[in-house]
Amino acid sequence: MVSFRPSGRRPDEMRHVSLEPSFVKHAEGSCLVKFGNTHVLCTASLENQAPPFLRGSGKGWVTAEYGMLPRATQERTRREAAAGRQSGRTQEIQRLIGRSLRAVTALDLLGERQIIIDCDVLQADGGTRTAAITGGFVALHQCLSFMTGTRLIARHAIRDHVAAVSCGIFQAMAVLDLDYPEDSAADTDANFVFSGSGGLVEVQGTAEGAPFTDEQFAELMKLARQGATMLVSLQKEALKL
Amino acid sequence: MVSFRPSGRRPDEMRHVSLEPSFVKHAEGSCLVKFGNTHVLCTASLENQAPPFLRGSGKGWVTAEYGMLPRATQERTRREAAAGRQSGRTQEIQRLIGRSLRAVTALDLLGERQIIIDCDVLQADGGTRTAAITGGFVALHQCLSFMTGTRLIARHAIRDHVAAVSCGIFQAMAVLDLDYPEDSAADTDANFVFSGSGGLVEVQGTAEGAPFTDEQFAELMKLARQGATMLVSLQKEALKL
Amino acid sequence: MVSFRPSGRRPDEMRHVSLEPSFVKHAEGSCLVKFGNTHVLCTASLENQAPPFLRGSGKGWVTAEYGMLPRATQERTRREAAAGRQSGRTQEIQRLIGRSLRAVTALDLLGERQIIIDCDVLQADGGTRTAAITGGFVALHQCLSFMTGTRLIARHAIRDHVAAVSCGIFQAMAVLDLDYPEDSAADTDANFVFSGSGGLVEVQGTAEGAPFTDEQFAELMKLARQGATMLVSLQKEALKL
Amino acid sequence: MVSFRPSGRRPDEMRHVSLEPSFVKHAEGSCLVKFGNTHVLCTASLENQAPPFLRGSGKGWVTAEYGMLPRATQERTRREAAAGRQSGRTQEIQRLIGRSLRAVTALDLLGERQIIIDCDVLQADGGTRTAAITGGFVALHQCLSFMTGTRLIARHAIRDHVAAVSCGIFQAMAVLDLDYPEDSAADTDANFVFSGSGGLVEVQGTAEGAPFTDEQFAELMKLARQGATMLVSLQKEALKL
Amino acid sequence: MVSFRPSGRRPDEMRHVSLEPSFVKHAEGSCLVKFGNTHVLCTASLENQAPPFLRGSGKGWVTAEYGMLPRATQERTRREAAAGRQSGRTQEIQRLIGRSLRAVTALDLLGERQIIIDCDVLQADGGTRTAAITGGFVALHQCLSFMTGTRLIARHAIRDHVAAVSCGIFQAMAVLDLDYPEDSAADTDANFVFSGSGGLVEVQGTAEGAPFTDEQFAELMKLARQGATMLVSLQKEALKL
Amino acid sequence: MVSFRPSGRRPDEMRHVSLEPSFVKHAEGSCLVKFGNTHVLCTASLENQAPPFLRGSGKGWVTAEYGMLPRATQERTRREAAAGRQSGRTQEIQRLIGRSLRAVTALDLLGERQIIIDCDVLQADGGTRTAAITGGFVALHQCLSFMTGTRLIARHAIRDHVAAVSCGIFQAMAVLDLDYPEDSAADTDANFVFSGSGGLVEVQGTAEGAPFTDEQFAELMKLARQGATMLVSLQKEALKL
């Protein structure tokens, strides 16, 4: 049977995913994550100071920043540093990544420190934010292992895995892990973030065309859960857990 | 029975909602919307030019901007104009409002024009974005009526109502229409945008503490649908439809 | 006799003025001031820190910020937060409001604290800066009453009232309290700020067309004094003094 | 009799004023103006395009920009280009200079062109804005002579002189042309802009301490008129009119 | 004999250099260049419009932009997009890259088009600007081949190779291709850009400590020429020329 | 023989150079430097605080800022304060001036203080950065004399002179001290910074057209050394050393 998906995938088939930990030299943790042609470099940087709102609390923080190289996209995008401000899209994505990673981290174990997860898209083909969460988790895990290894903290502060994937209604069918051609033509587009134990961490669904029904949304969520389960396995493999 | 909600409301009880159309003099449409102590002034401004990416397409656009007066909040917030940039939160909210309103507008009926919905929070007590969508719809509807009334367009371009409400898990119970004390203590917090015919336009759920289950999420969605139905009735009343 | 003023007012007649104190919930002081169709929301926010140049002096400060909602005006104005900077006009106005309010406040009674008066124009029809000063005084007075009421300060730090009104030469006649149609056609336009005891706090006159004479200026000043006397009465009424 | 003024001047005595036209090589007009130790370099630049709001009107425009070299002041001031924005004070001053010069220029004779008057303070000792208006007039006049000389315009577009000076209440006495030590200690401080024929173009008075009376204000205005008359003579001399 | 260089290299020994063309999918040309642990991703983007100053000239332009991923460095560097401006260092480097590449491009053969070379440092260990020029040339060459291949231009617009390398006085000895430990301890530090035919395109030498002599400078230049010759061979190999 | 240089100078002839120390009143050091029609006002400002990276080190710092008055140039340049950012050219120049002056200053004798050298171009005709270094040295020297005179520091912290001049290949000939017409037509353009004892502090050469040879570069360096020797004599004269 011929697939209706531009990539030839089955509706419930993810792109080839790879997670390459320790990709760069200086960072306390790092991972090059690929969801097909979407490539994101995630690094974790440890800073010995918590953000101002936590001073004196004894707690730490995990935050994320997101960027795209100008020619990660089909058409070159203007460099945000040259434009002098980060777009709304950039800020929305980095807030999502930060919330997702904090949801599985025991912030009270960190001491007054901050871990910054930088997610920079080297090549984009849809799903950069879900790849960033999935790979960012690996970088964060490495950073926390570094902290226990150097006795900065007594216990590893990761409480569970976290992984993310997109789904959508493409040509009236629910499909898993949208690539760019699907993403730009989908009627509905949703991002799901799951914990390793299957709980929902974030859900974001948007009707691009007609509103969607509860049933359609449930179908997307089911597909997403399958994808996330697979991503968690890959994380475990990459981290040799 | 004593309520566990700080406001004394039942779990499925919304705050007192009012919609006051034509609140200001100059705008083509306007509405002061109140969800309890949350007060948002929404105006619709017609511009005779579409944004650059639509030039030559014959289509129009609806976009939104969001702001808070500095002392809308318990602690004064720094004026974004003085800070020189809009926060990530502001940008995220105005993107959500814009998408929600476009979902029910026939953009191809507008001609190459743009309608800007400004949503300015005069007083904040939780749920400003859902109030803004609900009241912004009224301002937009008025503006489109102005356009048909002055024969700028042949047919009214609203295809359906759109209304929004938040829900959350507060003290282990699903509750409708979070106010600020609930919002800041909730485990899970979700915003739902529904069309008048009951379709889902946007869904955004976030686990503030522990991840949530599919069942919990379904319960929130059900409560939200009840709230949205009521909001649509109030919109009809306000617009005398 | 038919008036030559677009509004039908006599030359020495102000627009209907109202002062609505305690308009919002969170601020230490607030007032919705209306000069006819010009509506400005003024709030006073107490901050427990003086600006850097006063550290160690034992004195406090009063400052003002001014903004316009985008559709307060006939044509929508671009949001300054989106533009990334405050215009020269905005800065000039907020400096004027701040100086005027400081002129009647005993700053040495405040301790090292700052009161910020935010003046946000909900609807503009000429004279927004004079309305802001007049209403800002009410918000400031409430804030100082709050401070004495909560024993933050021993004595109320207001030394006198302050109120402001514009005058101009319209169709060769001196008129009081210009509205927008007059303001945009006037030859000369002046703003006067008076203390409650009739002293001059600020005077700003500008020839829009031909230069004006000393006699014309004296006439404008006389009209303005009448207006200010009335505004001070309304302030007393609003504050139940 | 010993003067009470720090500089030893009589109450109605201006500082030594000099106007040096054609101070720089490239500009269409220029003047180094000195009011005692206040030195301002004014240049006039002709641009063959009017600002957007005049396109198609056939009219021209005169505008001004103002800056201070960082060490024009006793303490070094941060460079505004490095700070990334012009202060409120800078914007207020450049708006005043522009309005004053436009008041004596026949803008409809300019064609759709713009003249920019740049006023840069090389050394500051009080009264920089009044020096800038007085010297800016000379630069503007030269630029208009250049335009008639090169037949860009048929008639010289200057309709009258314009000159400015400050006055203030210093140690309970009205004095002319405040220098920095007087300015920083004055109770009241006012700037007056006069046309060559003695009309008022701008009046700005501010009570720094106690409010001032009508009589005091009239006295300041009288002193200022004397100073302006002298400045106009110096302009004529400098321009060989 | 034991080397005095931290890396164990001989004075005239470069780090291992690799050039990986076509590293990313979307760009018209690209190259991942590595000088040891310094890794820079260079992409070439073709735009069908020349910059404004060339409109109507029939000529094209080549420009460069430079950036560092936040954790390319030992300590995390703040993201310039978040800071809202590019540093002086960034601007200086991107101007150097642009000038160097333009020096070997026949701009009049491009038509009114622009090629943007983006150089993004994935990992930094000294010499990022020289690596960027060397790898940027490969990306530019690919882009021009794409343009001849698709008949956008008739002839390949590269006139010569261009390659760059740094030298310095480290522990009183002239050494080739400084890595970060050498760079931060060197007395003198110089960057040389050579054409393929051995001409000098750019020379920049800086005394970090004591001034240097003509003889020392000549020695650095000689070493640099050797390095550049080798880099040009690698470029030819990578491009299969 | 008729010169081929637009100014009629011999190839090795500098423009008329003058150094006028103590040009302004407030600064701890100042100098108006003229290289022909290039006029730069340099001031030295002492600040009683070192930059953050030196806190606790006991050392001081010298830095420079550079600006151009808008009409220093033939065509008016937009004011950087109005544009909201300093150009890459400005930043590159001010970094060069700062490095050059630091190279001859004993920073460890300054205590934790900073000296800021502001270089503002009043009139530009080529060579503004070399004039700024040469005149900036005079301002810096005066500031250090002020510091020893007031016993802030025990010993004068200048270790050697520093002076700068440009050279270039103009009409195939090496010439000294390019003016604007030469600079804009030169094939190669180089700036040299020498210490008083003849050492090289900075060398920057750029091929504007064809690459240049080692021999050409040596010739430029020789000419520059002659020019710098003369500039150092003028500095001594100006400072009465």
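Each chain gets a letter, A, B, C, D, E and F, in the order it is written, and its residues are counted from 1.
Keep in mind that, in the parts below, a contact is a pair of C-beta atoms (placed from the backbone, for glycine too) under 8 Å apart; a residue touches a chain by one contact, two chains touch by 3 or more.
Just so you know, these numbers come straight off a predicted model, no measurement behind them.
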Touching both subunit B and subunit D, which chains are there?
C
Tell me whether subunit C and subunit D, two copies of the same sequence, contact each other through the same residue numbers or different ones, using over half shared as the line for same.
same
Please determine the option from B-C, C-D or A-B whose contacts repeat those of A-E, over half of the contact pairs being identical by residue number.
B-C
Rigid-body rotation angle, subunit E and subunit A, from Cα fit (steps of 5°)
180
Could you work out which chain's C-alpha centre is the most distant one from the centre of subunit D?
A
Euclidean distance of C-alpha centroids - subunit A vs subunit C, Å:
51
From the mean C-alpha coordinate of subunit D to that of subunit F, what's the distance rounded to whole Å?
33
Taking each chain's mean CA coordinate, subunit A and subunit D are separated, in whole Å, by 59
Can you tell me which residues of subunit D touch two or more of the remaining chains?
84-86
If every chain is a node and each touching pair gets an edge, what shape is that graph: line, ring, star, complete or other?
ring
State the ordered list of ring chains, commencing at subunit D and continuing via subunit F.
D, F, E, A, B, C
Across the complex, what residues on subunit C touch subunit B?
24-27, 30, 37, 41, 43, 45, 47, 65, 67, 69-74, 76, 79-86, 90, 116, 118, 120, 122-123, 125
Hey, which residues of subunit D end up touching subunit C in the complex?
85-89, 91-92, 94-95, 99, 103, 190, 194-195, 197, 199-207, 210-214, 217, 221
